[in-house]
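In structure tokens below, several structures.
What follows is chain A paired twice: with chain B in the first complex and chain C in the second.
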Partner chain A sequence: MNDVLDVTLRLLIVFVVFLAFPLVVGQTEHKVMAHMQGRLGPMYAGGFHGWAQLVADGVKFAQKEDVVPAGADRRIFQLAPAVALLPYLLVLVAIPIGPGEGAVGQAVDAGIFFVLAVMGVGVLGSLMAGWASANKFSLLGGLRTAAQLLAYELPMLLAAASVAMAAGTVSLPGILDAFEWWWLPWQIVGAIVFFVAGLAELQRPPFDMPVADSEIIFGAYTEYTGLRFALFLLAEYAGIVVLCGLTTVLFLGGWHGPWGADGLGWVWTLLKTAVLAFIVIWLRVTYPRLREDQLQKLSWTLLVPLALAQIALTGIVKVVIS
Partner chain B sequence: MTLSATAGRLAAEVTTSAAAETHGFLSPTGVEISFVLVGLVTFGAALVTVTTRQLVHAALWLVVTLGGLAVEYLLLTAEFIAWVQVLIYVGSVVVLLLFGLMLTRAPIGRSPDADSGNRWAALTVAVVSAAALVWVVVDAFRTTWIDLDGPAAGATAVTGASLFQNWVLPFEALSVLLLAALVGAIVLSRKTTPGTTADPSTGKAPTAGAPAKPGPAKSRPAAEPESARARTGEVGPAEPEPAEARPAKAGTGEPRPTAPRTDEGGVR
Partner chain C sequence: MPEPTVGAATAASVAAADYFPSYSVVGLLAVVGVLFVAVAFGAGRLLRPVVPTPEKLLTYECGVDPVGEGWAHTQVRYYVYAFLYVIFAVDSIFLFPWATVFAAPGYGAATLVEMFIFLGFLAVGLLYAYKKGVLAWT
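Let's look at the complex of A and B:
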């Protein structure tokens, strides 16, 4: 009975985090973008600085009619948002936020492979949406999504492999247990490669070619309305939370901090994740969109070699210090 | 690769679980029941994959099949193999498949012309190879049971040790095979028509067309640029060709490596 309660409680917490954190990131994006562009952003919903704007958006989405185009492949069109969203929920279960057994939803033995594999499945949702919409813009968006995923999956995996080599384990809590502060400069190249590749996998600006609204309307999501569209948006922001959390755990030491790592480790994790999420927003406001060929070139000629160099460096240092 | 790794892990396990006589088929445990059920679902999905008349649906049913296999690996405690299966097959192979389908032809609804005249030959080969595999697996493991209560027999550490201690040679042979496939793909994709002055050392247009291009793209290692080129080339048809990929002087007349392949069944 106690075990059942324990598991239920953990899953419940993960679920609440899954629902709440993306909204927090979304609201932060509203406000940060606005202030970076000399605007105020939402100010009215909820009273204090428009804190309830996303709740109001959610209500609006729920009220809209759920339209499926006549020519679309109905079942796959309706299934796609779930395929896009659920993997991030699963990934969140495996991310440890503090030291010890209690601070992770479920300790997975092959944690790195689990999170990367499941995140890769999420992109299938975009592909299904792009194809099933029976719309040329959607199909183009789906194609670009697939091309982008193929290009950026490899550097992401290589960068993660470098950390696994450094720690000698592929379990996420295990990596955090092995972490030392000097891993930060040692793995910094891998960290940047991982973060950039993750951004590209999430199709966040400046890698938002697949949903480039000025060219192909909204890519794979062009035909979606109402709640299903909201689910895709939620998937994007859940993806930001997951990516920032993973980068924190793999490269920034997770719950390790200058002080208070035992009792307040989770604060460090959240703080680092929040800073990374801020950077994600900052990048969106700062950089123009990369063209498709620039996207591919960046991955294959810069990120992959850098990731390989990082693996070589990791291997050399590992042999030297052991 | 996954198959051999699994076989290796199971072979290592044969010695440790000799308590076969305590197991029976008449009182299955929950894990065994779910193993059979997931196996049935996987088998059904595989059948639909090859019989459905909708091309993209076939690819998506393949996702179900491969995911079902991953669950079976999980139930066999081979966690690492399961996630690698999802990562490689669902995350990459099926995405590549869908990409190819969308790039060439992916109609909504049925494709009556998608049937092949080889269906009986294909069925024969499939049944024979399935029978051979089942026979090999059954003969190799007989009544071997995995001990689910102890430490996971297929944990990452166990799999890694088995792979790199007992099965290094097949592993390396497979990687050489993959390398050969990679080289073959590169050779195919940079086929040039006779009479052109393609530089054999690089096989690409001179980069002088973009003198002001910022630096990072210059650092190319030995093996990557060709595959990168092949990938970008495949993206090409949907996108306008980038300015700096064109030769600076049109007179050199070097065709882009993948240009003839953009139409399916194009000029060979």
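Let's look at the complex of A and C:
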């Protein structure tokens, strides 16, 4: 009975985090972007600095008519948002936020492997949307999504493999148990490659060719309205939470902190994740969109060689010290 | 040597006993997720208006009536990248099981040499693609 309660509680917490954190990131993005551009951002909804703006958006989305174009592939079109969203929920369960058994939704033994495999499924949602819409802009967006996935999945895999080599395990809590502070400079190149490749997979600016609004309206999501559109947006922000959480766990030491604060490990995890999420927003405001050929070039001629070099470095250091 | 075999067998059965519960929790979460989406879509159906008109159901192309079909033949220019990706990604997957044991006692130098051979293959492949001009968008 206790086990049932335990599992229920864990699933509930993961689910609440999955719904709440993306909203926090979204609201932060509203305000941070606004202030970086000399605006105020939302100020009315909820009274205090527009804190309820995204709640209001949600209410609006739920009331909007759901239009499925006559020419679209109806079933696939309707399913696509769910396929884009649910993988991030599943990844969240495997991310440890503190030391010990209790601070992870579920310790999955194949950690990194599971996480990368499941995250890869999320992109299928965009591809399904792009194809099923029967819209030329959506199709172009879908093709660009596919191209981006092809280019950036590889450096991400290689950078993650470097951490697995350093820790000698693929389990996420196991990696954190093995973490030492000097891994930070040791794995820094891998960390940057992983983070940049992750941004590209989420199609966040400056890697937002697939949804480039000035060229192809909104890419694969052009035909979507209402709740389904909201789910795609939620998927994007859940993706930010997952990417920042993963970078924290793999490269920044997760719950380890400089003063070895016991019991406060989860604060470190959340703090590091929040800082990374801020950087994601910052990059969006800072950089112009990369063109498709520049995207491919960045990945194949810079990120992949860097990731390979990181693997070589990790291998040499690991063998020398052991 | 019977003892290590027995030990390994117990370890394996313990691992298997851990394996299925941990993934069944993941499976449960997947069920929760599917329920969430189903409830959201169901509730959305009750909340939203349904007033379709032919104009509304038309494919959206910046206000102009669409010409031809959306499912057009397209030249996929990055198919070479796709080949590269498949080759490299399948290779890289094998890094993960190897990564967990390569520095184990008694492996050290040999696995390191193997790693450099592996990286050498990848690097030469990448260099070849680069020299062939495949990595430049055409």
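Observations on the model:
Operating definition for what follows: the second predicted complex is superposed on the first by the 320 of 322 C-alpha atoms of A that agree within 3 Å, B and C clash if a C-alpha of one lies under 4 Å from a C-alpha of the other, contacts with A are read in each partner's own complex, and residues count from 1 in each chain.
Just so it is clear, a residue touches a chain if its C-beta (ideal position, glycine included) is under 8 Å from a C-beta of that chain, and two chains touch if they have at least 3 such contacts.
Not measured: the values here are computed from a predicted model.
In the superposed pair of complexes, A:Ala52 makes contact with neither chain B nor chain C.
Looking at the shared chain after the overlay, A:Asp66 reaches chain C, while chain B stays out of its contact range. In the superposition on chain A, A:Leu313 makes contact with neither chain B nor chain C.
Of the two partner chains, neither chain B nor chain C is touched by A:Leu264.
When the two complexes are overlaid on their common chain A, residue A:Glu292 makes contact with chain B and with chain C alike. With both complexes placed on chain A, chain A has more residues touched by C than by the other of chain B and chain C. Looking at the shared chain after the overlay, A:Ile76 reaches chain B, while chain C stays out of its contact range.
In the superposed model, A:Gly142 makes contact with chain B only, not with chain C. When both complexes are overlaid on chain A, the residue A:Asp109 reaches chain B and chain C alike. With both structures placed on the common chain, the touch criterion links A:Leu127 to chain B but leaves chain C unconnected.
In the superposition on chain A, the residues of chain A contacting both chain B and chain C are 71-72, 108-109, 113-114, 131, 134, 139-140, 143, 147, 150-151, 153, 157, 169-170, 292-293, 296-297, 300-301, 304-305, 308. Within the complex formed with chain B, the chain A residues making contact are 71-73, 76, 108-110, 113-114, 116-118, 120-121, 123-124, 127-128, 130-132, 134, 139-140, 142-144, 146-147, 149-151, 153, 157, 169-171, 291-294, 296-302, 304-305, 308. Of all the residues in chain B, the ones that touch chain A in their complex are 56-57, 60, 63, 79-80, 83-84, 86-87, 90-92, 94-96, 98-99, 102-103, 106, 108-109, 152, 155-156, 216-217, 219-221, 224-225, 227-228, 231-232, 234-235, 238-239, 241-242, 245.
On the side of chain C, the complex with chain A involves touching residues 15, 18-19, 22-23, 25-26, 28-30, 32-34, 36-37, 40-41, 43-45, 47-52, 54, 56-62, 66, 69-72, 74, 76, 78, 81-82, 84-85, 88-89, 92-93, 95-96, 99-105, 108-109, 111-112, 115-116, 119, 122-123, 126, 129-130, 135-137.
Taken in their complex, chain A has these residues touching chain C: 7, 10-11, 14-15, 62-72, 78, 81-82, 85-86, 89-90, 93-94, 105-109, 112-114, 131, 133-140, 143, 147, 150-151, 153-154, 157-158, 161, 164-165, 168-170, 217, 222-223, 226-227, 231, 292-293, 296-297, 300-301, 304-305, 308, 311-312, 315-316, 318-319, 322.
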